[in-house]
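In the two complexes that follow, chain A is the common piece, with chain B as its partner first and chain C second.
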Partner chain A sequence: MNLKEWIFTTDHKRVGVLYLIGSIAAFGIAGIMALLMRAELSTLGPTITSNPATYNVWLYTHGAVMILGFQIPALTGFFANYCIPLMIGAKDVAFPRVNALSVWLFYVGVILACLTFFLPDPPDVMWTGYPPYSIMTTGNTAMYSFTVLILGFASIIGGVNFLTTVAYMRAPGLTLNKLNIFVWCTLAAFVLQLIFVPVLGTAVTLISMDKYLGTHFFDPAAGGDVLTYQNLFWFYSHPAVYVIFLPFIGVVYEIITAHSKNMVFNYKMVVYGGVGGIVALSGVVWVHHLYVSGMADWLRIGQMITTLMISIPVGLMMIGLIGTLYKGSIAFTTPMLYALGVVFLFLIGGLTGVPLALPSLTIGVSDTYYVVGHFHYVMAVAGTFAIFGGVYHWFPKVTGKMYNEFWGKLGFWLTFIGVNITFWIMMDVGVKGMPRRYYDYAHFPQFESAHQWMTVGAAILGVGFALAVLNWIMGAINGKKALDNPWGSPSLEWSTVSPPPHGNWPTPPSVSEDWHPYGFKKD
Partner chain B sequence: MAHDAHHDHHGDAHGYDHGHAHWDTSIWPFVISFGILFLAVAFSYQFVYHNGFAAILCLGLAVPMIIAGIAGWTSEAMGKGEGLSYGAMGWFILAEAMIFVSFFVGYWYTRLHTEVWPPAGTIELPRLMPMVMTAVLVGSSLTIHYAEHLLHLGNKGGFRLWYLVTIVMGAVFLGMSIYEWSHLMHQGFTISTNSFSTVFFSITGLHGSHVVVGLAIFLAGLPSVIRGDIDEGFMRTAGLYWHFVDVIWFFVVSQVYYW
Partner chain C sequence: MLKKKFTAIALGLTLSASSLLASASAEPASAGAAAAAKINDPAKGWDTLWYHVIRDISIIGVLFALVTAWFIWQSRRRPGNEVGASPKLSAASAVGWTVIPIFVFLSIDLYTAANGWVLWNHYRDVPAQRMEVKLESGMYSWDYTYANGVRTQNELIVPAGTPVVLRMTSRDTLHSHYIPDFRVKEDSMPGRVTYLWFNPEKPGEHIVTCAEYCGVMHGYMAGRVIVKAPEEYAAWMQQEETKLAAANAPAVAEAPAEVAKPAAKATKKI
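And now, the complex of A and B:
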């Protein structure tokens, strides 16, 4: 193996694998932060640290790295890079060097985020960086701004690259209505990135300018306004939810179709109604993050309505998944278990989210564990399950080898059980009044046993995720040789050898009139 | 070094046909990325830890790495079908436009939420200068359009002339901005005077940085313009970016100077 050809590679598959390695490493780091927080909360009073600032650093690293270092890069980095050119029959992306730039910027961003552990005065602003705290704190807010800016720039150039690739490099005959759902979803996510990441980039630049360069964007004494930041931040960060949701549900579509050997139920409804509807509405729901920040009523009520409306396209996408299962020949392989896990978790997360759209209820549960539990169900864990399922699904293609089914399933069940213990209890104590982000809960001693159960659940799910990662490492080293198309899928990425060589196919593929990525042969 | 050949043969002949696996590489994206890492660290040293020496050291690493990276990349990619692309530029401009949108929305939000506007310390902004600047920038948009038109007709000499005129006009615009800034700063109106000065300098500065990028793109194309082998696609793409910079200026001038 030639290391130089990996580090300086411009090939989309190798760039994708670099993304995967980096994002799984980031997942490990951020996961350890979560376990440290759970350990700290397992007893009343100081448990493993007596310094609340240390807890803040864990909280910051967990949130920032999980979202910006793990989920977004795994989905729009690994899966998009590896699968999109293969799914559209292209030999690479439109700008291979830009692709290499975005993966190395991603690494630089993760390195900056991890410098947190070594810096004096590490950033302690959560992943949101609200002023005035982020401007007044002695913590290093500049590191936060640069991390976000660099990762954001990496996503923007990635977005430009993939939108151009899909626009110009599809195989002959591959019309828009024959794109994989994953390709549609990811393109939509990239469009959202292009529109909204610059807004986040601006917001975080402004806090560092205020803190270090003497500007007054958020300084009321000089005529500035603090709420500007919250609006700019959530104007990006709510669509960011869809930047994660769309590709992960796309991955789940690929898994569920392939492992139930069935055509997507209502393809056009899913694409134009589901994906299109989410893109159309995603920019006008951000105020539901600010119900308690002092918004005008017309804005709160208006965005309550749009927030409730966006559950319609999301619902269409879920109906598409469940309809695809109907009369399919379902195989309960490891990736399929993860995909079905996503459907279950997303259902709970989605239904507990609907009440959060209502200002009257949200004012009561704002900043409680209910929000944390809901968020982890609907995005954090559902997204992570989709990523893990997707890695299992394409594992034979990427490595040319097979993972171990037994350990894969065991890992799934441990995670699934652990997740439901931790986050179900979290929502329960949240409704009963446990506030989030607290280092200690001396005022709420009645929740100690609930906290202990949550810690137990976290430990179980940690073991489950670790088993999955170990399973991949072992499988990549000495797994059995895999077939080129182990799932019998007509989708184009399975039509080349595993792992695909540079250039993907000896001769560029073209597709016939009656071909469809989900046109499975019935047994 | 990995000069070797990114897409030396662009068409069908790929490593695949050579019988052994050959994977394309380029060192420059890696170099630029880590240059940016040092840039971020330099900022922290200077402004957070007040360690000027370490900051200079990091800058000394960052700047050469980024410049070498961009130069190496440009020479590797120019003319190999992987330079600028019209379709990609459209998407990129969408992202760029959103940066301006967020600055403007932030400005509007702040301005409309404040009781007293302009805040204390604001001085009378010049009225004539921005008009002259507008004329120069709009003029340069017209000249680049005309240059493209001449290139399309095959008039290389005329194209070269109007291309150069555009660059000069862009540079004049930039010079006027700098003059204007220093003039205002001499009157005590700086970026940290109040929230309006913050908005004024950041929005005009952001626009100015885009003028610089536009000029850099033109300068990158200058060698091939002089040789006479400029790619029409490159011209169209560079022109599109320049028009974008021009259009944004209308918002800057109307919102920041004349409102």
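And now, the complex of A and C:
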């Protein structure tokens, strides 16, 4: 294996694997930050650091790197790159060199984010970077802006690339209603990225201009407005939740159909109602992040209704998932366990979001651990489970080898238990008043034992995730040789050899009239 | 001593008179002493609505989870069940499985929205008989200014039985004045005036904590709401007024301007 070949590769599969390695490394770093925070919070008062600024840097790194360095790149970088051309029967993406550029930019972004630890004044602005603090702080806000801009740019050129690829490079006979759900979901995510990333880019650029060039966009003393930033930021960052949600639920669809060998329940409802509905609503719900920020009352009420209506497309997608299980033939493999885990975690996460859609109930729990627990269930942990399940699912295709089922399942159960201990308790103390982003809870001593249980849960889930990553490494090195199509799926990525050669197929595939990616047959 | 008692009685009389007046103007139909204290306390409304919403989502969640678990168990791979056999949907049932869930979800949404909206109005409609206090937040303290110019830091002392409105602004970055016991919070920021109100019914102490990340010491930015019995409050206020007058006495020319300053700043922005 030649390192230079990997760095300068334009093969979509190698670009995908580079994305995977980078994002799992980012996950490791951000995960260690989470464990450090849990260790710090395990006792009242200082535990492992006596400097709150250090804790704030961990918190910043955990949030920013998990979202921008792990989830978005793993989903729209690894899965999209690896699977989309294979699923539509294309030799590669439309612009292979642009694709290589996007993975380079991604690495630059992750390295910038990790330089945080070596800078004299690391950024401490949280992943939201709200002014005026991000402008007043001695921390290096420019690092934050540049990380966001570079990763955002990588994502935009990826989006252009994949929209073109799917529009023009589908195999003969592969009509839009025969696309894998994952392809639909990822396309929708890229549409959202193309529309909304520029807004985030604007917001963080304006922050840096205010801080370093002396402009006054967010300075009320000179006619600016601090709320403008929050609007711009969430106008991107709420759709960003769907940029994560859509591909991850797409991955879950792929896993659940393949491991229950069953047709998707009501395909058109899922695609046009579910995916389409989310894209349609995603741009008009951002104010629910600003329910206690001092927004105009009419906006808070208006977006309460749109936010609640998000339950409709998301509910349709859940009905599609659960319906797919009906009369299936479910094999409890490791990827399937992760996918079923997502169904339950997402159910809890989605429903605990209902109170947060109401401005009145949000007044009581906004900025508390309830919100932190909710979004970890609905997006962070559900997304991570989908990513881990997806990596297991396509592991035989990517490496040509099999992972170890025993260690895979053990890793799943440990994470599943750990997650529920940590985040269930987190929601509970949140309702009782524990605010988020606290280095210490000196005036809430009654929560100490809850914090200790959360730390225990975090340790368990940390071990579970580490087991999974070790399992991949061991499997890639000396796993058993895998079949080309171990799950018996008709989806096109399984029709080539494992691992696929450059160009994917000796002769490009075409599909017949009665073929469907979920048309499972008895073998 | 006599003076203190007098103030307390005067305050009590004024309060009851004004609340009677308010109730008379607001609800002419329901005359009587009970109606005088009619306040839509958002904290109580929050607890009720929270309970209802959590109950409803629990029912929905348990239903979905049970159906899912049942499907998983029924469809496990076993001899005779090697491949999925989901029935092919007819066009009509495909549409039905889309449209019916849409209407079910939409009706739940609108029902929830209506309840949420009612409570929201309670949060935003400040009662007519109330006490106004100005709050300026800063890194890392809560600075309160009463209508008569008395100032306190990190301790908001209020009489039981009178709704309190905070008109909030910030001198540096974002903060959020969160009183968990009263289920209320709202951000304060430079350049805008935001408000929140709560209804302290009984004497007691309540934590105030910062709920919007504001820098290194964010976790330690705490204060207290101290609810005193009306007489005690009046006595305390009397004492503070005397202190304030004494402090202002040597510099008569300067004092009024200084006291008036935060008020003028705040009203300008409204």
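We take it that the second predicted complex is superposed on the first by the 521 of 523 C-alpha atoms of A that agree within 3 Å, B and C clash if a C-alpha of one lies under 4 Å from a C-alpha of the other, contacts with A are read in each partner's own complex, and residues count from 1 in each chain.
In the analysis below, a residue touches a chain if its C-beta (ideal position, glycine included) is under 8 Å from a C-beta of that chain, and two chains touch if they have at least 3 such contacts.
Just so it is clear, the model here is predicted, and its values are computed rather than measured.
With chain A as the common reference, the superposed partners chain B and chain C fit together side by side.
In the superposition on chain A, contact is made by A:265 with chain C only, not with chain B. Of the two partner chains placed around the shared chain by superposition, neither chain B nor chain C is touched by A:81.
Once the two complexes are overlaid on the shared chain, A:186 sits clear of chain B and of chain C alike.
Touch criterion met: A:502 reaches chain B, while chain C stays clear of it. Across the overlaid complexes, the C-alpha centre of chain A sees chain B and chain C at an angle of 100°, to the nearest 10. In the superposed pair of complexes, A:311 makes contact with chain C only, with no contact to chain B.
In the superposed model, A:71 makes contact with neither chain B nor chain C.
By the document's definition of touching, neither partner reaches A:404: not chain B, not chain C. In the superposition on chain A, contact is made by A:329 with chain C only, not with chain B. Within the superposed three-chain model, A:216 lies in touch with chain B and out of touch with chain C [touch as defined at top]. Fitting both structures onto chain A leaves chain B and chain C with a minimum C-alpha separation of 9 Å. In the superposition on the C-alpha atoms of chain A, the part of chain A touched by chain B in one complex and by chain C in the other spans residues 224-225, 227.
Residues of chain C that touch chain A in their complex: 42, 45-46, 49-50, 53-54, 56-58, 60-61, 64-65, 67-68, 71-72, 74-77, 81-89, 94, 97-98, 101-102, 105-106, 108-110, 112-113, 115-117, 119-120, 122-124, 172-174, 176, 178, 180-181, 183-192, 194, 207, 209-220, 222.
Residues of chain B that touch chain A in their complex: 2, 6-7, 12, 14-17, 21-30, 32-34, 36-37, 40, 43-44, 47-49, 73, 76-77, 82, 85, 87-88, 91-92, 94-96, 98-99, 101-103, 105-106, 109-110, 113-114, 116-119, 191-199, 202. Against chain B, the residues of chain A that register as touching in their complex are 2, 4-5, 7-11, 14, 91, 94-98, 100-101, 103-105, 107-108, 111-112, 119-121, 140, 142-143, 146-147, 150, 156, 159-161, 163-164, 167-168, 194-199, 201-203, 206, 209, 212-217, 219, 222-225, 227-228, 231-232, 235, 501-503, 506, 508. Interface of chain A with chain C (complex): residues 52-53, 56, 124, 126, 128, 130-133, 136-137, 220-221, 224-227, 260-263, 265-266, 268-269, 273, 292-294, 297, 300-301, 304-305, 308-309, 311-312, 315-316, 318-319, 322-332, 340, 343-344, 347-348, 351-352, 354-355, 357-361, 363-364, 366-368, 431-433, 435-444, 520-523.
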